[in-house]
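Listed after this line are the structures, all set down as structure tokens.
You will see chain A twice below: alongside chain B first, and alongside chain C after that.
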Partner chain A sequence: MEEPRIGVYVCWCGTNISKMVDVEAVSQEVSKLPHVVLAKNYKYMCSDPGQELIIKDIKGHHLNRVVVAACSPRIHELTFRKACEKAGINPYLFEMANVREQDSWVHTDRSEATRKAIDLVIAAIRRVEFHEPLEKRSVSVDPATLIIGGGVSGMIAALEIGNAGKKVYLIEKTDRLGGHVAKFDLLFPHLSSSKQMMRPIIQRVENHPNIDVFLNTQITDVSGYIGNFTTTIQVNGNEPAKLTFGNIIAAVGLKPFDPSGITEYGYGKFPDVVTSIEFEEMLSKGKIFTKYGKEPRNVAIIHCVGSRNKNYHEYCSRTCCMVALKYVHQIRAALPSANIFEVYADMRAYGKGHEEFYALTTHKQIIFLMFDQQDGLPRIREADRNDDCNMIIEMDEKLSGLSIEVPVDMVILMVNMEAVDHVKEVVRAIGVSLCGNQFFIEKHPKLDPVATTTGGVYIVGTCQGPKDIPDSVAQAKAAAARILATIATGTCPVEVTTAFVNEKMCCGCQTCISVCPYTAISYNKEKKVSEVNEVLCKGCGTCGGTCPAGAITSKHFTDLQIISEIEGIMSMSYKGF
Partner chain B sequence: MSNETTNQKPKLNLAIYWGSACGGCCVSVLDVHEKVLDIVAAADLVFWPIALDIKYKDVEAMPDGHIDLTLFNGAVRNSENEHIAKLLRKKSKILVAYGSCAYMGGIPGLANFTVKEDLLRRVYEESESTLNPEKIRPLTEVKVPEGKLTIPHLYNTVRCLDQVVDVDYYIPGCPPQSERLVEVFSLVVSGKPLPPKGTVVGALEKTNCDECKRTKSENKKIKKFYRPWEIQDDKVTCFLEQGVICMGPATRGGCGVRCVEGNSPCRGCYGPPSTSSDPGAKMISAIGTMIDSNSEEEISKIIEDIVDPAGLFYRFSLPGSILRRKVV
Partner chain C sequence: MSIRVQPDLRNELIKYGIGDWNACYHCGTCTAMCPLSEEGFLFPRKKIRLMQMGLKGPIESSVEPWLCYYCGDCTKTCPRDANPGELMMSLRRYLTSLYDWTGLSKKFYTSETWELGFILFFASLVVITFLFILPSFGIKFDTTLTAQGGVRVNSFAPIGIIEPFDWSMAFVVASLLISNIFRMYYKIIWKNSTTKVSLWVHIREFWLLIFNFAVQPKFSKCDDKKYWLSHWFLMSGYTIMFIVIVVFLKWFQTEEILPFYDPQRLLGYYATFGLLFGLGFAIIGRIIHKDIKFKFSHVSDWLFLAMLTGTVVTGILIHIFRINGMPMATYFSYIAHMAILVPMILIEVPFSKWSHLAYRPFAAYFHQLKKHAVPK
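Moving on to the complex of A and B:
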């Protein structure tokens, strides 16, 4: 290894760091360390002049390692790596010490904070000494895309990609496209027709030259990695077809919650207690009627069925309040003299035009009755012989504080959405993770809501969490844009700081295989060693930590680098035994 | 090794010494059986306290570098161990840390989990077989009519040989396999180029699983840890997969997987491979990933079955590990 020549730069961050840390003392102190050629401090290292300073010194002083003590590497590591690269040294021969978030911002004693800054900078200096240059890697991208799920999200994504001239394989488990939305009658809040919206979309998808639709098909196994996936599908007993594609969109949706388990509502026992899905079908057929074919005179709509309740699902399904209000309009139009009861726990009308829709609905001569989710659900019982209705809802009305009985002939249960039955198989096939509610987990809850931690795999629509049509469409288009961008580039970068197995040291114990969250490690029976697929590897370091023989090294996180860093941080205060 | 080659060369001066040791390493030298005749044909034993009556003053009288090869076994735990280690370093061309104690601190090194005072109190006052109402402790100096008697004083911290003097090579094992000793000795006698200084010799590069004949899979899921006597070993499956902690994956091979061949899990006496600096930490990390539970409560319960984890995972390696000792 060439003799390390390290340049150290301590940032003031205006007064953010310099107020609490004596930046001059830090640069003075660390300038005495071996291999440190120069140590400077500057007002804003991330500014153009700050970066120029580094570039000039690398060239002028033949530096081959750089340490910047500034903010979190999450903010500016890339900035300084690029500066290093610009000056002609490998960007990984750089290390950042966080003396802002982990020091100046969280301390009140200037001398202690300065001492800590020195410790942190020494740690970075000791570590960077052992940094090795790493090369950026990329893989080619197959321009085809696999979309799993032919609902509104899947179809919109397919059209976006297909219209851009790229191949799409759209896989649908059932015998028709459209998902749940195609079965709906009207859509909130504009009471527009679902079928009028969906039919042209379905037709465009079916007739699209770039979209191959596979109905009655399920994906069981996908192999490969970002840019280069393959799967084999079986269509209606025909010959199995092998598909290759570079990206995957999971749009498998959710399914309605089955309310049979909620004894209070007697679903399955009372024929005129129906789910919102069943009521939607009734509306599509054009007639609202009870089991005996009569028009109901009293209709109740119960909200939050299987939602926001620890016994069923804790989450809110986000759409049913508005669907319930939509039913008011449809029932009122069909049955002008019926009594309509909205039996709700909370009214959630947060979306565009939703609050206005709520206000509009209140003018429809209906009665809102509130119940307390925490304090017992309403209970439906059969009406007495003399009653002028089929059933009675007994409930504690929260706003009036009264225990009341509500006469009803029909009850609509606004059922929650939950994971589809085959969610685990999908998850296994495409290598993504599920949260506790069995929704697919996105890469970042705020900043990357359509990607997953598996490269090339995107999640759109309700499988990522309950949402309405516009949100699903937005996600579908976002995922399509992301995929088209990688297709346009032709290649995509893969992780640089991956793990590798030193075959000369691997004893074949196989401890590493099951710990890998990305199934990147496999056992080579002939060589009797484990092997890391560096394209699948995300560099999480789990295997390197677990390898009892020390045969697995995580690049940029070698034992030598980490131990040197620890020794560095301890060097000022720790003098041995 | 053949007599023809050795006869043509001057005999080597060989020394064998024990520091803080049990004597097993010295016995392992005798364990070469009839090969011992080859050794004495090729070398003069100039110092070997267990077998020969040669005094320290005789060694002190030797010119520096007089000894060609010294096999130093045992840890450095008292002033005498340290004095002789330094003396032998001066007098030897090649100093070998022989056996786990000299190499890593070994079993005596477990004393680093306590401090000298606690240790002496236990031994001289509290142990079940001790009767010492006056609480007499050994003194390092005592005056008798004939003059002053001294004995070495015990250190608070046990060290391995290279923490005291410069060491040329390491031969691991508790004790080292005698065959390995013969190989190393033959190499020195042959005059062939020696491996780079600091090399672990008489051992393999890979860890024990590589040679182990038991069936291994990725299925290392442990719901309960067993001590070897608590289960009926099936004699075929990897010990870890049966819930028995085996140090094999973290331990350098070279012993011939003898313990496992004898249906006993590896205890780790050959120490870590060159790629690992701390076999205890490595093994704890590995074991951590094998525990088959995601519930914190259940994991704590499973871990309770590991009796004396520090002593188990660092049985032979504590002084030479990153941990070195309990901080007091």
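Moving on to the complex of A and C:
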């Protein structure tokens, strides 16, 4: 190994770092360390002149290692790695010390903060000495895409990719496309027809030359990795077909909450207590009637059924408030003199045009009655013989502070959106994670909401969390754009800092296989050792930490590198700086 | 105990001037804004809630609508244009009809035909009395003038007839009003099953009734004082006029033309000024619609203003014609005056808007009683 020649750069970050850390003292102190050729400080290292400084020094002083003490590597590690690359050294021969988030921003004693900065920089210097050059790798991308779920999200994504001239395999579990939306009557907040919106989309998907639709089909197992997945499906019951594809979109949708378990509402016991899904079907048929075939005089719509309640689901289903308001317009049109009660816990009208829709609906002569989930749910009971209604809702009305009785002939339960029953099978097949509510977890909740931690697997629509049609469509198109970008490139980069198994040391205990979250490790029965698939490996290091024989090393996180870093951080503490 | 929601009540309330009350989404800004709303007697939001849910019982026992003097600040600040001020006004109309046992109040508030029909009926009775009945008893339109050149008004409308008539009318109106006040007391205080008020509290707080009648101290707590001032002038003018006409008619309706500075004329002029000032303020306000208070007018609001103005104007004409020696003009003004005054007193005071002269001070009294109520 060549002699390490290290350049150290301490960033002021304007006054962000220099106010609390004596940057001059830091650079002077570390310049005395072995292998450090030069140590400088500069106002903004991330600026063009800052990067130029590094490039010039690498070339002029023949540096082969670089340490920058600045902000979090999350922000600028890539910037400086690129600068190194530009100057002709491997980008992994670089290390960053975070003296802003972990030092200047969180301390108030300048001399102590300076001392800590020196410790952090020394640790980085001692670590970078043992860095090894790593080469970037990439895999080719199969231009076909598998989409699981033929609802509005899946179909929109399919059309987006199909229209770009790329192959799509659209898998649908049921015998028809359209999902839940195709069953709805009108859509909020414009009261537009769902069927008129969905029919042309379904037809376009069915007739699209680039989209192969497989109805009555379920995905059981997918193998491969980003760019190169395969699966076998049973077409028409028993004819197996092998599909190969480069990317996957999961759009498996939602399941309406079953309110039978909420005893207060008596769903199943009272025939005129219906779910919003059942009421939607009633509206599609064009007639609102009770089990006796009569038009109801009093209709109550109970919100948050299964939502925002510790006993059922704590999350909000986001769409029910607006759907419940939509029903007001539909009921009012069909039954002009009916009394309509909105029995709600909170009115949530956050979306575009939603607040306006809410305000408009309040003028439809309806009665809003508020309940507090913490004080117990409204309770439905059968009406007495001399009442002129079918049922009575008893509730503690929050806005008046009174206990009231509401006469009703029909109750609509605004049921919550749940994850589909077969979500675990999908998870197993495509290798993504679930949150506590059984919804798929996105890679980053804000900055990467459609990707997952598994490369090449995207999640769109209500399987990621309850949402309305515009949000689902936006996600579908976002995922399609991401996939088309990788198809256009033809290749995609894979993780460099992966794990590898020293076959001589591996005892074949397979502990690593059980802990790997990416199913990247397999067991070679012939050699009786574990093997890492470097395309699937994300370099999390879990296997390396678990391996009892110490046979697994994570690239860029070797024992030597980490121990040197620890030694570095400890080296000054006894000197009493 | 649960109270049954009555969604149909809104159909009834709409006739009393309740507009789009469903616009309210209970932010409570109105209650927070109101300088008169207080702990235990919160309004307007809570009362709007009762209306929305159609809870007739709690509405009936509410004293709060009478504690509101309609400055309009709530309506100004309402983010949903639910118009809480007018909702409170409508509630007062509704409560007036609930207190009234004859059912006439409800008829007058909800049917213009009934109200106008009754007014015309009494007006024609007055006209017929003066034109045909009294002349048949030998009372003539005397055109001779007094030595001072004034009209002999007492020969046309003898004190001996007018005064007993005034007293009997006052008796009828007072009986109706007092019986309705007892119903009001029953609904607000007596019927309450959880609290009671001791007799001593009733006696101790009684002074509030007179105090509130005389100066409307609660009204003066509204942020905009001009309403209170104009109302006070109107009210004091009306009270003075009412007392001199009913109790001191002999002293007031004279044929002698007293000097300008005589207390009889000065008192009359003050009362007329007070009435005109208050009326002018309200009428102009209701025409230009600038103030929230006057923005929304129910038929009963206009009828009341029109009749009171008619009474005042004809009263002024009687005075002018009499001292200027114009007998026929004086007599016809007198007939017109009575033809407006009589139906106004008979309809407005016990059954309509004018009844608030009794309900408001009594509500202030009952409010105080409720504050001192103890659990049963």
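The definition used in the following text is that the second predicted complex is superposed on the first by the 572 of 577 C-alpha atoms of A that agree within 3 Å, B and C clash if a C-alpha of one lies under 4 Å from a C-alpha of the other, contacts with A are read in each partner's own complex, and residues count from 1 in each chain.
As a working rule, a residue touches a chain if its C-beta (ideal position, glycine included) is under 8 Å from a C-beta of that chain, and two chains touch if they have at least 3 such contacts.
Keep in mind that this is a model prediction, so the values were computed, not measured.
Asks: With the two structures overlaid on chain A, would chain B and chain C clash, or do they fit side by side?
Replies: Partners fit side by side after overlay.
Asks: Contact-wise, after the overlay, does A:K287 reach chain B, chain C, both or neither (first, second, both, neither)?
Replies: Neither partner.
Asks: Which of the two partners, first being chain B and second being chain C, lies in contact with A:K19: first, second, both, or neither?
Replies: Neither partner.
Asks: Have a look at where A:L369 lands relative to chain B and chain C in the superposition and call it first, second, both or neither.
Replies: second
Asks: For A:H190, decide between first (touching chain B), second (touching chain C), both and neither.
Replies: neither
Asks: Is A:K269 in contact with chain B, with chain C, with both, or with neither (first, second, both, neither)?
Replies: Neither partner.
Asks: Can A:R379 be said to touch chain B (first), chain C (second), both, or neither?
Replies: neither
Asks: Can you pull out the angle centred on chain A between the C-alpha centres of chain B and chain C, to the nearest 10°?
Replies: Given the fit on chain A C-alpha atoms, the answer is 130 degrees.
Asks: Let me test your reading of the model: by the given contact rule, A:H61 touches which partner, first (chain B), second (chain C), both or neither?
Replies: Neither partner.
Asks: Determine the nearest approach in Å between the Cα atoms of chain B and those of chain C after overlaying the two structures.
Replies: Least C-alpha distance: 44 Å.
Asks: Of all residues in chain B, which touch chain A in the complex?
Replies: Against chain A, the touching part of chain B is residues 157, 205-210, 216-221, 238, 240, 248-250, 253, 272-277, 279, 282-283, 285-286, 288-290, 322, 324-325, 327.
Asks: Considering only the defined contacts, which chain A positions touch chain C in the complex?
Replies: On the chain A side, the touching residues are 298, 339, 341, 347, 359, 362-370, 394, 397, 399-400, 402-407.
Asks: Going by the contact rule at the top, pick out the chain C residues touching chain A in the complex.
Replies: 1-5, 7-8, 10, 20, 22-23, 25-26, 46, 49-50, 52-55, 58, 80
Asks: Which of the residues in chain A come into contact with chain B in the complex?
Replies: Residue positions touching the partner: 502, 504-511, 513-515, 523, 528, 542, 545-551, 559, 563, 577.
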